[in-house]
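Scrolling down, you'll hit the structures one after another.
Each of the next two complexes has chain A plus one more chain, namely chain B in the first and chain C in the second.
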Partner chain A sequence: MRRVETDILVVGGGPAGLSAAIAAAGAGARVDLVDAGAAPGGQYWMQDPVAGATSQQAAEGSTAIASARAAGVAIHSGAEVWAAFPGGEIMANDAEGPITFQARSIVVASGAQDRVYPFPGWTLPGVMTPGAGQRLAKLGKTAPGRRIALAGNGPFLYAVAATLASIDATPALLVESGRARAAMLGLLARHPARIAEAVSLIAAARAVPDWRRGHVVTEALGEERVEAVRIAPIDERGTVDTARSERIDGIDALLVGWGFRPMIELTALLRCRHAYDRALGGWYCVASPSTGLTSVEGVYAAGEVTGIAGSRPARLSGTLAGLSAAAALGFESAGMEERRKGLVRALASARAFGHALGRLAPPPDGIADLARDDTIVCRCEEVTRGEIVAALAEGTRAVAGAKMWTRAGMGRCQGRICGSAVAEIAAAETGTSPAAAGFNPPRIPLRPVPLDVILEATRGSAP
Partner chain B sequence: MTEVTIFVDGVAVVAEAGRPLGALMHRLGPAMRRTREGAPRGLFCGMGVCFDCLVTVDGVADRRACMTPIRDGMRIETSLASGNPS
Partner chain C sequence: MVNRADAIVVGAGVVGAAVAAALSAAGRRVTVLEQGVPGGAVSGASLACIGTHMMDEEELPLLAWCCDAWAALDAQAPRFEYSRCGQLRFLKHDGERRSAETWIGIERAAGLAPELLEPDAVRRIEPELTGPIVAATWSPNSAVVNPFLAVRTLLDAARSGGAGIVAGAAATRILTAGGRVAGVETAVGRFEAPLVVIAGGPWTQDLAATAGVDLPIVPRKAQCLATVATRPVIRTVVGACKAEGGVDAGYTQIQQAASGQVLFNTVLEGGVTAAGGRDSVPEVDRAFVHDSVDTLLFLFPRLAALDLLRSWVRYEAVTPDDRFLTGPAGPDGLFVAAGDGGTGFVRSLGMARIVADRIAGKESPFRDDIYRPDRFVERAAA
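Coming up: the complex of A and B.
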């Protein structure tokens, strides 16, 4: 079995993880980076696997990857972390089998995933997340469909519209719950550096022939795949007015999502402290704004896992965490303190923008109620809303309780997909808050691995 | 760009090496498996977290198509053809 001893292990090869690795290696630490993707880059710095850097984002990413390699970072691509133990032992698995890392410090930069809520028809083939549409287009040069509906809320929808346009797959329909145009202009006035980006994103949205603001998709219709969608307006009180719903036919792909949620399973497994804020994507790992240190000694966190804010804070928080982790191990260089102070200031401003954007585009209240009694909520175990509501009526108020009663969240995805919805259903049904409903504690293996990999990795190792 | 041939449920398909298998399966699909209850499923998250895109790759069951780069000669079996849920 491969065993790697290192000073700092970075988990995640997106903007946060690469920035952390570059900073720590530049300070003189030995750094290893593991990333699940076939190539590093994460989401924002995603690399085209065939054509190389085809966009400005990808070009920035390939520069960062080259800098990391030049600084001596050992990059392990196609490797997923599936177990972690306090004390620095981390287990990953790649095509060749297990790798065990023994690290003095860990930087978790695991990023985010699309935040989704169930609705009738959402398990039909052709219904996907906006992130899936983005990756299909960028990695696969594949259009999600011929007549695409893009729906949900938040600026990421516009980014997806732009990417789809770049492969000649401009969506036919954009369904957006928000209408906060004035508030958005106010926010941009306070952060003028972001105006150019906003203008180009809005242009991408405008290119969509049918753009419905203040609407949500309430249902996907079809037999073996999505064929039509039903949309409905949101009234003045913020409730979805299903009485005024409208059916739109001829849709063969529906991309629907409500921003992102932090990918916290690794920080949760390491027992770091987490907090809940719906505007930051729900549960996030708490990290010090001045160092990136979590509540656990030797464990740092950076990027979206510390609360959804976008790629700029991801980069800045990564550099900060990398420098701090290196400094704590004695790798200090001249001028480092000054550099850290500058980073802390820049990060605070970048986060403020990201968080304000998150507050402008929350999922509408009651969004989890689009699911009917017979709608599947837990896609893995095929558990319906009715079954979850019945379990809540029996006495549990927690996400973990609903899982024991119904198996919702017990499948392969460990509740990563249904977790936000189960928490909101629990809150609505039992009068608690989504925060009080909690989240599914992660289980080892975090990602399914063959039994022989588990046996090989754990034989002769500490836990 | 390297064009290779892979086999999906026994049918030869020309594909581009290195791109995600999930994208190709989506073009052929979009359904790529059936659940225990018999419902069709296809790509959902596209990033390896939902496990809705499971197929058998070169005899190894339950591989995520969205996270599997295409390689020459790959043999894919789906639960659509076999009728066995995955």
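Coming up: the complex of A and C.
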């Protein structure tokens, strides 16, 4: 079995992870980076193995990957971390089997995934997340459909519209819950450096022939696959007014998502402290704004896992965490302290922008109520909203209780997909908050791993 | 807010739920207090085997009654995935035959029907058990249940008898007045009743201590693994033949849930007790993961490519003689029912019966002296 001893293990090869690895290796530390993707880059700096870097984002990513390699970072692609055992052993496995890392410090830059809420018809073929649609467009230059509806909230929708436009697949319909135009302009006025980017994103949205602000998709309709969507406006109180719904036909792909949720599985397994903020994606790992250190000694967190804020704070927080982790191990270089101070200031400003953007368009209240009693909430175990509501009425409570009594969150994805919705349903049904409803605590293995791989990985005694 | 009831049950695990159901059935208005989620601590993490095989000889009559009581509950409310699948205990070495035969003799004398099977016969019952075992014992009366749904079913029975269930109500103190129990103080207010039953698993001794009752309960770490759902592979409950050394000699339990997930564990050296562990449940041990997977694949080598999905840890309540502490304790009106020793599921209905009979002033159908909560105090004094 492969065993790697290193100074700093970086988990995640997106902007945050690569930035952390470059900074730490540049300071003189031995750095290993594990990433689940076939190539590093993550979702934002996604590398197309066939077409190469065809966008500015991909080009930035390939530069970062080259810098990391030049700095001596050992990159382990296609490797998923599945365990952290007491004593500091981190286990991953790739196509060749298990790899065990023994690191002095760890930087978790595990990123984010699309946040989804169930609604009638969301399990129909042709319904996917904006992130999945963008991945198809970026990697295979494949359009998810011919008449695409893009729905949910946040600026990411505009970015997906732009990506789709770049492969001649401009969406037919954009349904956006937010309508805070004035607030958006005010935010941009405070962050003028972001105006150019905003203008280009808004242009992508404008190119969509039918752009509905202040609306949500309440239902996907179709027999074998999605054929139409039903949309409804959000009223003055911020709730979805289903009485004024409207059906839009001729749709063959629906990309719907509500921003992102931080992927806290590893930081939670490592027992780092977490906090809840719906506008930052729900549960996120708490990290020091001046070092990136979590509540656990030797464990740093950077990027979206510390709260959804976008790629700029991800890069800055990655660099900061990488430098801080290296410095804590004694790898200090001249001018490092000054550099860190500058990073802390830049990060605070970039995060403030990202967080403000998140607060402009959170998912509407009661979004989990779009699901009807017979709508499946947990797709892995096929648990309906009605079953969850019945269990809560019979005396269980919280995400943990809903899981135990109905199996919601007990399947292959371990609640990564349905977790936000189950928490909001549990909160609404028992008169508490989604934060109080908690989350499904991750346990070993973080991802399903074959038994024979586990047998080999755990052979022999721990150090 | 003051809540009044005829009886308070502290703990909504399988024991508390069973006690609440029994008291409700006897016409009492019951309030169940649960600090977390009903069934969410020790019970929910259990592999919930209902059986008599290789258990305490003195408890066999009660265990046999419990097996029938669970079957009766299933007949009445078939919603907890009860399956009377039988139990196999494999022998890895010929040297274990004597131990197996001793157990079989004890159980046959109690009117039960276990037998020793050679590998061919084992494979007729469990076709994919292709590992090189030398023999296995077979106990046909064993069953498994879904632990969450079983607790839910019992609580549902209690509720239909008028019981109220308060989740998120951590009991902090037993209230007494004039030498009698008066109720329970909790994090969410005061609950009053002339009868209180503490069924709090490894938390029982702390609450009992507030009424001056000293209970020798220690939390012991127990761990488990689950694979992703797969086709039907394992039909029975498969365990290791219980060796010399009793509960501290380790154990194996392997079964496939109705969901298709294979649930399994192997502990070679017995569980570790730790007082603080129950409140900050840690991860599984690396060696435990290895031993468990090793044993599963020794028996069922075709599962090698199956994905492991999840692990979990619970802290069960252990007593010095591995029997429950069940019955009256301390001030009048206070009862306890705790000390599962890792096999609380099967015994919960019997413990509930003992408590309900005692409260009703009825004679128990089986001996309850072996569960008396003060039995160790007397031994120490002697």
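Some observations on this one:
Here is the rule we go by: the second predicted complex is superposed on the first by the 459 of 463 C-alpha atoms of A that agree within 3 Å, B and C clash if a C-alpha of one lies under 4 Å from a C-alpha of the other, contacts with A are read in each partner's own complex, and residues count from 1 in each chain.
Here, a contact is a pair of C-beta atoms (placed from the backbone, for glycine too) under 8 Å apart; a residue touches a chain by one contact, two chains touch by 3 or more.
Just so it is clear, the structure is predicted and the values come from calculations on it, not from any experiment.
The superposition on chain A brings chain B alongside chain C with room for both. Of the two partner chains placed by the overlay, neither chain B nor chain C lies in contact with A:196.
Legend: residue contacts after superposition of the two complexes on their common chain; A:412 is shown touching both chain B and chain C. Once the two complexes are laid over each other on the shared chain, residue contacts for A:85 go to chain C alone; chain B is not touched. In the superposed model, A:144 makes contact with chain B only, not with chain C. Touch criterion met: A:455 reaches chain C, while chain B stays clear of it.
Judged by the touch definition given at the top, the superposed model places A:379 against chain B, while chain C stays out of reach. Residue contacts after overlaying the shared chain place A:394 against chain C, while chain B stays out of touching range. In the superposed model, A:444 lies in contact with chain C only, and not with chain B. The three-chain arrangement built by superposing both structures on chain A places chain B and chain C 80° apart around the Cα centre of chain A, to the nearest 10. Judged by the touch definition given at the top, the superposed model places A:132 against chain B, while chain C stays out of reach.
Here the smallest spacing between CA atoms of chain B and those of chain C, following superposition, is 8 Å.
Chain A uses residues 411-412, 448 to touch chain B in one structure and chain C in the other. Across the complex, chain C meets chain A through its residues 12, 36-40, 44, 148-149, 152, 155-156, 159, 165, 167-168, 227-229, 259, 282-287, 289-290, 293-294, 296-297, 303-312.
Remark: chain B residues 1-2, 16-20, 22-24, 26-27, 29-32, 35-37, 39-52, 62, 66-67, 69 touch chain A in the complex.
On the side of chain A, the complex with chain B involves touching residues 36, 38, 43, 49-51, 80, 113-114, 123-129, 131-136, 139-142, 144-145, 224-225, 253, 263, 379-380, 382, 411-413, 416-417, 447-448. Across the complex, chain C is touched by residues 84-86, 89, 269, 381, 391, 394-398, 400-401, 404-405, 407, 410-412, 414, 443-445, 448-452, 454-455, 458-459, 461-462 of chain A.
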